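Pasting the structures in now, so scroll down.
In what follows, chain A forms one complex with chain B and a second complex with chain C.
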Partner chain A sequence: MPGSTPAYATHRSWGERLRLFGPALVRFVRSKPLGAVGGLIVIVMFLVAVFAPWLAPYSPEEFIDGGSARLHPPSWDYPMGTDNLGRDILSRVIYGAQLSMLVGLLSTLFGTGLGALVALFSTYAGGRWDLIVQRLMDILWSFPSLIIAVVIIAVLGRSTSNLVVAIGIVVIPSTARVVRSTVLAVKETEYVQAARAAGASHLRIIFRHVAPNCVAPYIVIATASLGGAIITEASLSFLGLGVPPPAPSWGRDLFGSAQKFAELAPWMPIMPGIAISVTVYGFNLFGDAIRDLLDPRLRGSR
Partner chain B sequence: MWVYIIKRLLLGVVTIYGVATLVFFLMRVVPGDPALIALSEPGRDARVSEQMVDAMRVRLGFARVEVGLNRDAFENRSGLDELEAALQALDGEAVLNSVNSGAPLNVGGTILKPKQVRATVHRIPLLTQYLEWMWNSTRFEFGNSLKVNRPVVDEWMRFFPVTASIVILAAGMTLIAGLPIGIISAIRQDRFADYLGRIVSIAGLSLPSFWVALLIILGMVIWFGWLPPLEYVPVWEAPLQSLQQMFFPAFAVAFAQIGVIARMTRSSMLEVLREDYVTTAWSKGLAESTVVTRHALKNAFLPVLTVFGLQFGFAIGGLVVVERAFNLPGLGNFLVDSVVFRDYNSIQATLFATAIFVTAANLLVDLAYAWFNPRIRYT
Partner chain C sequence: MKQNQRDRPKHLLAASVLALAVAAAPALAEDQRACGKYGGVLTTHAGEDLVNFDFHQQPTVRTQQRVGGSYNRLFRFSFYEKGKIVNDLAESYSVSDDGLVYTIKLRDGVKFHCGDLAEGRPGACTDLDAADVVWSIDKIRNKNFSRRAGYFTAISELEAVDRLTVRITLSQADAGLISKLAVGWAGIFPSELPWDRLKDTVIGTGPFIWKEYVTGAGSTTVRNPDYYREGYPCLDGVRNFVFKDPTVALANLRAEKLDINSFMQYIYPADAKLLAEKHPDIKVSLPARLWWHSIAGKVDEAPWSDKRVRQAFSLAIDRHKAIEVLGEGAGAIGGYMPPWSKWSLPADELAEQIGTADPAMVEARREKARALLADAGYAPGSLQLGWLTLDTPESLLTPQFVQEQLRLIGVEINLEVSDRGTFTQRRDSGDFQLITTSNAAGVLDPSIFYADYLICGASSNESGWCNPEFDALYARQLSARSDEERVPVVHEMERMLFDELPQVQVRWIAEGMAWQPWVMNWEDVDPGYYNNVTLEEVWLDK
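For the complex of A and B:
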């Protein structure tokens, strides 16, 4: 809508954005090589999760040759070996990526989204609302994260959607804290006061003037939370509180029978463990780079 | 300073009662009837009668027993008032159980037949339940564990020493390893030692603690033929052996924390090392060790301390999985067992108690912060 766009606005068309994306990517890779490696790991893991049915040589729950191919060490036929029931570990690791990525992403979106929205409104409203929400966050914060996730699963029962809720709730207070400090700073700026004087409604001020300022810290905290969410999912599965078997899950696959057979078949616990570590490592490196880029306070300090 | 301490203490109390409230409602939003769910778990009697559900409601604190004498069943009706009073002084749950099972009841020397006793179960209104729960948690009364039918607090005391010793060891390791790694990373920024330190610290963040625990166990099993000890040795019986047992679990818990503390120390030191007073210290010709420890570290330590306190809760989370991996009889293992068994009383108590620990730890850190930071101490 060229007619309604003010002359001072710097709107870019999507084509222009796409053209700017290439050089920006090159700059990112040059300045943050570790972050680029992390980003690559993240992308690869997402692709693995999405294309799991095409990538996995076997079905994750299939007992190969009627279950006779048990405890094979890694070989050309079974690159990560087979487990005590004769299932291909590579296929289980590939399908396990689906659960990790899905739960990690959804729970982070749920938790950070809810935390950000609550903080946005309560801090903007200020006074009593701010105080109540802050106390609530203190209370949530005082539960050890994994313990509250464990108890929520105990209360709601084991299922993928309950995992998302349990893991998401854990990141609400940290997101709320970060968003709150931004809103506090923005709330008193002159342009917000100007908007108010011009008669803008509270909703308009929140979404047009305050929220855009929270985007950068929100992205920082969301990317930083992803790795932790994946670890929490794996930990819950490890404790036997994740999705029920026989569905593949990295956290459960490296414990239980994997530990019993560890001496005979060390690849059973090691392969899913490596998958978790590499994925979380990638997310952490990527999150670090994003933070360095978006958080001006820390820019250049590391 | 005192005003600050009192304010923080009051806030802590508010938080803990908030925690208690949250725990209360968490246990009451269980979809379905918690008493039924608790009874229907495997390992308990398959047939669930109305009587059993009522008894379970009493044990969970959802209902109470009203006891009285069935006066029609008595031939001699004198002195019944005293007898009734004595009966009502007994534990309602025990009376209900003996009435349900048809066992005779001994009330102050008088043996009563089950049909002479009347025990009815009444639902407690939600508000009364809530007030009772708040009052009971103030006194650390959490009822009996549904699994072993002993007071939850007694169970707690059995598991507490293991958890406490791992936490203390892990906290010590975190500071001893995390601070030096961070400091060296900062003063040798972008050199080999720094890269090494950063790789170690981000590895700490990326390796889940159960994975570290499992790698340790795997390594020990494969190379030394060692197995995790089945029998736990308390500290006071064999300190050295206990330390041996606790070292690796504590390391698995501390590993992630070392990474966090090292990163925080590094960035905090880097900020401080650019301050004017550090440049002044250098130009005075002070030794590097003096500048780093006396001038820089002293100021860089404060944010590290805050993070250390905040990390306490995460460390406890790591503890749950590490205790599971090493098969240690600690509170984490107790919690997971309680969850698997739907032992609501134990879950409630554990949740409440860990929240108190975390709140207390944060409080201590805040007070230490105030102590180290003159800007807070003198206001």
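For the complex of A and C:
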């Protein structure tokens, strides 16, 4: 039937999907145990971010006892110790997850979304448009991502939304390139040509026939980008270009006083450092597993 | 930590006491130490890049720290005795009976920098004369070309009497005049150098000739072979790096890559403790400096225009806790003059103004602050203000602490963290609600503190506060004949400031210096941060 969804795409009810989810999850854990660990870390971090107000023993900005509780090493009272201003590091790490997750997710959605759209339209249009857009992507890609982000923050100023934009823009070219390769193949398929012959509009063809077939590579690049986005956010915050203090941020909490007190109070840089490492490790493991599952060339490999 | 700076330079008294009627005061005693060895390049650092080389126009002392070694002043502070002033380019000076006319005789044969490096710089290789001094001081007096114009408001006439004689005529006696001529800002440059060229040209008579400045890397100066003080400088040159990150600077010091860890910054109690434990041979000094942090808003804009708000802010801040937390136990709290000086209000009166460490009193003050805010129409949480601050880790400490303190009385502060360029631009254009006033003075003299920061139209008077009564008192203390006469007037000014609170003082900062054991003829006696940066007698014993 011209203009319809390709035959291999199946429609399932939500109930059916839920029924299938359990066994699929078990299969995923069995086939990709490391990916499952990564997924668990990601879920835990999301839960920590969402439930931070209930999990954190103190406000992340509170000077405990007016600041007198400064530089306490990890103990039962302060499991991750306190910083030089008497703030509970555990609470800052917990609240810091909010920023990292928020910026990581939004910037990835923004960057990969925009990159995918750019690739969809330019590649579908082909010809000169495709050439120009791809050269622009090449230019964007030729700069180190952190440099681009620093420049964007310097121009736009420091705020959470600007962080999202700066980190998101960095992700655009890689997404565009990955999605483009899929679009190139899909737009030449028979069902796309059939849809075109049947008079379907370009927009309909793009969103109804081409885009759904780009979902798999999109998911792969999005999950792979998440860890990078979190690292970039931490790097920008470390450079003093993230959200302004005293807002908790893993990257910023590695900067400044944490460096100064690194020898006297090593828990100050170590704790946020661990949070960054574990989260990025989790995202990377999970992203790798997703890529292996969705990439036909890697499917079945360990 | 306190330091005793009660002994004002004796010559100041001599200059201001009419009874002395000095017709030709003897030259101020030199104190000097010989170079034990010649050669070597001293390495040090500053925390920021230079905006330009015009140290009169820069609010930051870091300019002075770099270019200071290329200039001399008429007088300078002793390298070894705190507060003592000795002759530099001045050979002698005399004061008229009424204290209104200073006649300064210059040294003969002093040359501005010569040689390949200085070639092409206006005034290179010329002899110093009275016209150069008049030209230089005139620039400092000119508000369009200097942030230090307030230093010399008492000068009514400045003239070159002959080639080596300068006459300064005052409209009123100025007890701090010689101090102000001795501070690092008062460097003398050739009259051939247009004022606006000081931004890009460094040429003076100082012990080191300016070689180059590389953004991000720092400055290099080399020995001036024609320096007027025979046998000096001891060093071949000075290399001043840019280390924006204090931990990098400290690491370089520990790795023996730096001889002196900056002239002003980055050694705090935690660092001192670390150095004492791991590098006991490195010398460290950590006195409370002539440097303070305060908060200012604009007195002609709400809410800072409401005195009750300013009072509430002052009451809300537990300054003792600030010393404990921010100063790591070091530093001092007080008014607008250093609390360890005779200019400060007596301790009991000061305690009334800034509170004590007693928790009950701290809470009572907060309660009073809440009441004042309520009276001013600000319910808890309704007053939200932006606070413009620099983005360096140390600059962020005080705002974060005060932010937390003000939160306790229901005031929300949003920190607007900016780099130096943006900060300066916004401060100068008045684009802020609250701002950190991180101020420093080179000399412990009320006329310098107030001239820069608090009199009407002062270059660093961020609040815009202007009180003719205060200015009248300022003039009165300037023309007083002795410090004994000045002290009560200054106390009256301090009381007025505590009543008006144009700026709310938070703390006087203790900040250390550290230097390697082989750095000889160097002592941390500079009352400011930028007066003794010529390093002409320093030598390296390695």
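One rule holds in what follows: the second predicted complex is superposed on the first by the 289 of 302 C-alpha atoms of A that agree within 3 Å, B and C clash if a C-alpha of one lies under 4 Å from a C-alpha of the other, contacts with A are read in each partner's own complex, and residues count from 1 in each chain.
Throughout what follows, a residue touches a chain if its C-beta (ideal position, glycine included) is under 8 Å from a C-beta of that chain, and two chains touch if they have at least 3 such contacts.
Given the structure is predicted, the values throughout are model-derived calculations rather than measurements.
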Pick one for A:Gly126: touches chain B only (first), chain C only (second), both, or neither. neither
On the A-aligned overlay, A:Pro33 touches which partner chain: chain B = first, chain C = second, or both, or neither? neither
Answer with first, second, both or neither: which of chain B and chain C does A:Pro269 touch in the superposed model? first
I'd like to know which partner A:Pro73 touches here: chain B for first, chain C for second, both or neither. neither
Examine A:Val280 and indicate which partner it touches, taking first as chain B and second as chain C; both and neither are also allowed. first
Does chain A have more residues touched by chain B or by chain C? B
For A:Lys260, is the partner it touches chain B (first), chain C (second), both, or none of the two (neither)? second
For A:Ile231, is the partner it touches chain B (first), chain C (second), both, or none of the two (neither)? first
State whether A:Pro57 touches chain B only (first), chain C only (second), both chains, or neither. neither
Contact-wise, after the overlay, does A:Pro212 reach chain B, chain C, both or neither (first, second, both, neither)? neither
Chain A positions touched by chain B in one structure and by chain C in the second: 240, 255, 259, 262-263
Tell me, which parts of chain A touch chain B in their complex? 135-136, 138-148, 150-157, 227, 231, 234-235, 238-241, 251, 254-255, 259, 262-263, 266, 269-270, 273, 276-277, 280-281, 284-285, 288, 298, 301-302
Touching residues (chain side chain B, partner chain A) in the complex: 11, 14-16, 18-19, 22, 26-27, 29-31, 202-203, 205-211, 214-215, 217-218, 221-222, 266-267, 270-271, 313-318, 320-321, 324-325, 335-336, 339-340, 342, 347, 350-351, 354-355, 358-359, 362
Which bits of chain C are touching chain A when the two form their complex? 245-247, 250, 268, 270-271, 273-274, 318, 321, 324-326, 328, 391, 393, 396-397, 400-401, 403-404, 414-417
In the complex, go through chain A and note every residue touching chain C. 61-63, 66-68, 70, 84-86, 158, 240, 244-246, 255-257, 259-264
